[in-house]
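One chain, chain A, appears in both complexes that follow, with chain B as partner in the first and chain C in the second.
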Partner chain A sequence: MNDKIKEPLFHIVKRDAPPISRALAVRAVAIILAMILCGIVTTVTTGLDPIQVYESLFVGAFGSRRKIWITMQNVSILLLIAVALTPAFRMRFWNVGGEGQILAGGLAAAACMICLGDKLPNALVILCMVVGSLAAGALWGFIPAFFKSRWNTNETLSTLMMNYIATQLVAFFTIVWEVPKGSGKIGIINQDSNVGWLPQLFGSRYILPILVAVVITILMYVYLNYFKHGYEISVVGESEKTARYVGIKVGKVIVRTMLLSGALCGLVGLLLVGGINHTVTTTIADGQGFTGVLVAWMCKFNPLTMVFSSLLIIFMNRGASEISTSFGLNQSYADILTGIILFFIIGCEFFINYKVQFRKKSAKEVQ
Partner chain B sequence: MKKKLLGLLVGVAIMGGILAGCGSSGSSTEAETSAETEAAAEAEGTEGTALSELKAGFIFLHDENSTYDLNFMNAAKAACEKLGVEMVSKTNIPEGQECYEAACELADAGCDFVFADSFGHEDYMIEAAKEYPEVQFCHATGTKAHTEGLDNFHNAFASIYDGRYLAGIVAGLKLNEMIENGDITEDQAKMGYVGAYTYAEVISGYTSFFLGARSVCPSVTMEVTFTGSWYDETAEKEGANKLIENGCVIISQHADSMGAPTACETAGVPNVSYNGSTIDACPNTFLVSSRVNWEPYFEYCLNSIAEGTPIAADWCGSLETGSVELSEFGTAVAEGTEEAVNVAKEAIIAGELHVFDISTFTVDGAELTSYMADVDTDADYTPDHEAVVDGYFNESGDGLRSAPYFDVQIDGIDLLDTAF
Partner chain C sequence: MMEAGNAAVSMRNVSKSFGAVRANHKVDLDIYKGEILALLGENGSGKTTLMNMLSGIYFPDEGQIYINGTERIIRSPRDAHALGIGMVHQHFKLVDVLTAAENITLGLHERLNIRETTEKIIDICNRYGFDIDPEQKVYDMSVSQKQTVEIVKVLYRGADILILDEPTAVLTPQETEKLFTVLRKMRNDGKAIVIITHKMHEVEELSDRVAVLRGGEYIGSVRTCDMDVSEMTSMMVGHAVSLNIHREEPRGVKPRIEVKGLTVRNDEGVLKLRDVSFTANTGEILGIAGISGCGQKELLEAIAGLQPVESGEVVYVEDDGRRESLLGKDPLSISEMGVSLSFVPEDRLGMGLVANMDIADNMMLRTFRKGRGPFTDRKPSKKLAKEVVKKLEIVTPGITTPVRRLSGGNVQKVLVGREIASEPTVLLTAYAVRGLDINSSYTIYDLINEQKNRGVAVIFVGEDLDVLLELSDRIMVLCGGEVSGILDARTADKNQIGMLMTRKGGSEHHE
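The block that comes next holds the complex of A and B.
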């Protein structure tokens, strides 16, 4: 008789919710493997000593006091963006418009600095900037949400398209406000009077964004996990029909959540323009509106663990570029290393959620 | 179905994230120590610091793939090697807070001299200069040093309009050759120019190029288009193609990519380049290229620091200092070009020939007898200095500023678009 069923060599089985320690261990292994592969790639292609390479990776991110501060500042900005996008993503509302919402907020802040700089006292200008940035970001989030809730339009497309509108608006106002004439750049706004510059806390220019990031991250965690709003967001995300059945007004939740998400992105724009760069350019968000999506996904929308993934990405970013040129390599080399590490980190999620079962010999014998 | 869509979206989002993450540029440090100490030995015994103990930091907007930055990098390397100064450089520094941070990191690392190469770096260099009064901060193409009142912040440029004028002579002679050969009539002698922005540096550049050409080919006219970016290969290529379609028979450009030169090579239209020779990529159409050689400036700064003498707030290099250079000529240039260029060059150096001589051009049909230029940078573009002296427009003049401020639109040049 030959009626035995042919069993494949292996099959993939979903794991039960793995314990945190295990999930962490898998991630740690993934990072170590990524580092080893990076080392091999580096040695094979360039002939450099991998230990030296890792060393300059750390030097790039933490080599001096200033470097540590800059790294922390960049981490807080990326973290804030990821946290800002989180409520929308928990609702399964694909907000890929972070970039545009940041730019809208930044543009509003810059507009206040330029137009009100010599008309109002500093404190009032800053107040206008805060209100303006949050409102502009919220507006950029509201428009796609409104269309989604009313006519069920595709939010991925509309949020993405809002990015282009924001970029073009910034490009337009760059020409309006350019100094000197024709140069196509605004330069530092109010460089002499410092009007509209967000205050330096404790004498350091780096602390404010870090503090804001810490506060917002904690608040967001509490909001999502311990408030009715957060629960409504999760229900809408799981199933709109269920939400409707239990009496949640889905449209209202969508609009409310996107107002929040957009306003927080606008806050990032405020920090970038008023606190860090003191100017606005079309590239001020530097693609982080998208990197933030990656951070949020990697952490399954848990604001607290986003601290670590933002740190990892910024660490790699700063460290890898240090590697690439301290050894006379091109910037693209840093991108390759970052790519390898991200590949491993995203790939390891598979092994956290699934396991591979090989065909068992014993099973054969029984038959 | 929904699940599939979800998966796809996740994929797209993650890919977007990865690309964005990878695309973002970071800062980087490159340290090079020069072993040569002969020059340092010479400096010993004078006041200040020995050259061999100096450390120079350089900030570049891009890396060596950009011809603009490569021009600076080569000069920095050459100057530091010649003087025996230790060199540290940071590449891919955007025109934002990153520039301030890079400048501070260089100062923290013990640099006595910090230089940034891009126009948009200026404000951030000023911020760093305020914080480190003992370090000398120098910046190319900037406009603010003479009004900022900082002892340790300096601007520099060169009279590149002289170089462009000479390159214009090369173009004009080529036009004359075409007319003689019967390829075009005198009325068809039209040049095209791809500019970045309607900024004084660009206007000064194309006007001097045009005046150079008209000094040998009186019937020449020119069309100018703007891309709205200092580096946009596609836009520059499109711009050049548009000009060629409009009937321009020679193209030049003031933007940093290979867009215009390669479009010219494809179309077989002669090209006058900038920043460096493009003869390798465009062997059939390359005529000549003008560029600023920054080595004399770097040497001047480092020597000044070593001797303990102040660096000028505005330093403008010239043909004489070796700061303005023409490349070797391409194979397509007309006969007698070298002689004509040399004659003009001697006249400029001797002070007999001024590029912006007001008798050679008109504005709205009238001679330009007086012009108030916006020399001191302000948000309202207030005209503040008389620029016409002794019968010529005093571009990058002594006591004014090194960066160009000639922004007059002269007759004979047709601007196709001025949106930027």
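The block that comes next holds the complex of A and C.
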């Protein structure tokens, strides 16, 4: 061993609860650094001018009135999914079954549109769709919750498996309902009668999901922070032992919360099928059930800040596909950029909570 | 600066902060070969942090550490081992499924030769009078055996400087005595030993010198024989404290909780309580003594409605003599029956409180259901939080601080404060002062005595027999899940209880 070991180059020190301004500043720096790195990667790998690339990134998301509306609509769908998953996550119930719950809700909505479309008046069909999709989503949430509360099964596995069941169910019914026969897809449902199409508000088809997302996000914030139910969810999430100690029925809270979480995912399915796509396919949720998990985590399960993180992700997503088309790059390139930015945003949490202390230059080192 | 050549460790100007919390500030501490140093200080005074820096777990923000007169940089526990520093932590760091020998050699960069290792372990054991079987698996060991493995592990690595963080917290008096004998032998062997403890009589009995920290700063060191307990305490606290537990004669004693033939198995089907019967009376403190894991936890949880019971009965006797069974009821239905039962569990942050919630929200745990409508009403709990913080002198930046950020003593005050606020008729406490400094401990004793004088039936599970003898009116001793005796605390003595703790039988005294 050396006579004198050198002081380590740096060591890590925990910060005390950092002020919000600091945390925001760290995040801003992270995004700027990520942008710079993306620029470098772009120039090195494609030889394009990074400024131009950023410009088209922005154009892709906000370049025209219609693009802005679509961006907003996508943000509201992703936000709704993240908010729907949040109560479960606050309870430390790892609901990765958003995808399946959305599909279940969407399938129920489509079923109402197809089977009841010519039998009931439009308003009644829509009512059936709302009830049906909420119930189907809730059922998809209930099953893993029931297993968890009764037999303490692992909810990550069971919610994940429920996704496959939902996907296969949709695939099955796609064949049952396919139009025309042999095409392998359902196509636009009730294209002529528009029965079961969710109404346009203020003459725009984009406003309904946005409005629903705003209302649900605020309600969820209130529910989680000011309701007795929200308090119970937090206690169960922090410690089931504490919950039992004060007489909270843990199983009941788990089931109740997953019914809510699933029903809200079902609502997203309704919006996608009845309001936006007017059809159902196995890929209608498009992986957003998982992206929603990321959004919820990034915001530490605070519904209000999820507005910003879902905006960021949708912005990147839409901007990136613009880049890939206008510069002849493919979608993978867009994914690389999104990955870099997410890496920085998630990584900067470390610098918010810890600081790195470098070795002080001191005379003692010179021996 | 570098006086006395036999200083094994000299810490100079050592500082360490965690965010805004200054855990150690310019501490100078010397530890000498051939002495036992007791490191004293209140909760949160920085004792453990200081020793963690010596053993390489934390890295100091500032300051120098000299080992045997040479300045050293300790970057990791491995560096510390290389310098002959070993620490036995309060919470054991052993792998349950491995044997003693495997645990002892774990992490060493040497070829594992079981025979040599075993010989070396036996050699160490013989030298200091330890008694362990190198082939025994850790999960088969008692707490005291596990601790022995930890000490041997440190010695095996050739430690000359030994740090023990609250080593006696989980030992019986007999085991403590054995440990002290070993520690004295090591001292005579020329090793430097640091012991962190809150039990003042142990400090007096064992240590040669005490060093005191207060608020992260070094206050001074004194030879143990030059000072008495109350002087040491005032040095720790900064002002004089009275160290008397004022025990009044119980008044209006009536049966409140009657337990008959209680038998309990835990989740794994292991018998934890067998045929336990006793009565807890109003206006009386029933102390419960026993080695840890002898069924104390299950007993309290069975009364509180948290533990399924195999057979037996638990009856609550109302003031007017009505009797109601508490069995098969959960905490919610017990409180809906109108029984105000408070429980201070052993696992404070894992059961009694929610670590990530603030003080006010923790106050709400018992009462959040109050009021109609779906909304919680946070006003009363904020008010209660302020009252408790003020009355129990809780050191906290405010009532919106998460309880996990508070020091051990303050966490316990939050918990006890909440449980007492509901004006209980029964108060169950498990290890209410574990890990608490002497000042906080006496605050808790006072609170418990106050409840007793209010006519509450108190069941106090404790580990410090001196305290049990001073505080309780009667003491029930548990051994392996059975009642081995119920004694009058005013006449019983420590040895008698120690015997009952380890062996069922002995003479039974009833009041």
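Here is the rule we use: the second predicted complex is superposed on the first by the 350 of 367 C-alpha atoms of A that agree within 3 Å, B and C clash if a C-alpha of one lies under 4 Å from a C-alpha of the other, contacts with A are read in each partner's own complex, and residues count from 1 in each chain.
Assume a contact is a pair of C-beta atoms (placed from the backbone, for glycine too) under 8 Å apart; a residue touches a chain by one contact, two chains touch by 3 or more.
Keep in mind the model is a prediction, meaning the values are calculated, not measured.
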| item | value |
| --- | --- |
| Touching partner for A:Val13 - first (chain B), second (chain C), both, neither | second |
| Partner chain in contact with A:Asn122 - chain B first, chain C second, else both or neither | neither |
| First (chain B), second (chain C), both or neither touched by A:Ser234 | second |
| Partner chain in contact with A:Arg244 - chain B first, chain C second, else both or neither | second |
| Partner chain(s) touched by A:Asn330 [first = chain B, second = chain C, both, neither] | first |
| First, second, both or neither for A:Tyr226, with chain B first and chain C second | second |
| First (chain B), second (chain C), both or neither touched by A:Gln357 | second |
| Touching both chain C and chain B, counted on chain A across the two superposed complexes | none |
| Contact set on chain B toward chain A in their complex | 6, 9-10, 12-14, 16-31, 63, 65, 90-92, 94-97, 101, 104-105, 108, 119-120, 122-124, 126-127, 143, 196-200, 202-203, 228-230, 374, 377-379, 381, 407, 419-420 |
| Chain A residues touching chain B - in the complex, by the definition given at the top | 60, 64, 66-67, 70, 92, 94, 96, 114, 156, 171, 175, 177, 179-185, 187-188, 191, 276-279, 281, 283-284, 286-295, 297, 313, 317-318, 320-322, 324-326, 328, 330-331, 334-335, 338-339, 342, 346 |
| Chain C residues touching chain A - in the complex, by the definition given at the top | 17-21, 59, 61, 70-73, 75, 79, 82, 304, 306, 330-335, 343, 345, 347, 350-357, 361, 364-366, 368-369, 374-376 |
| For the chain A and chain C complex, residues of the former touching the latter | 1, 3-8, 11, 13-17, 226-232, 234-235, 238-239, 241-242, 244-249, 357, 364 |
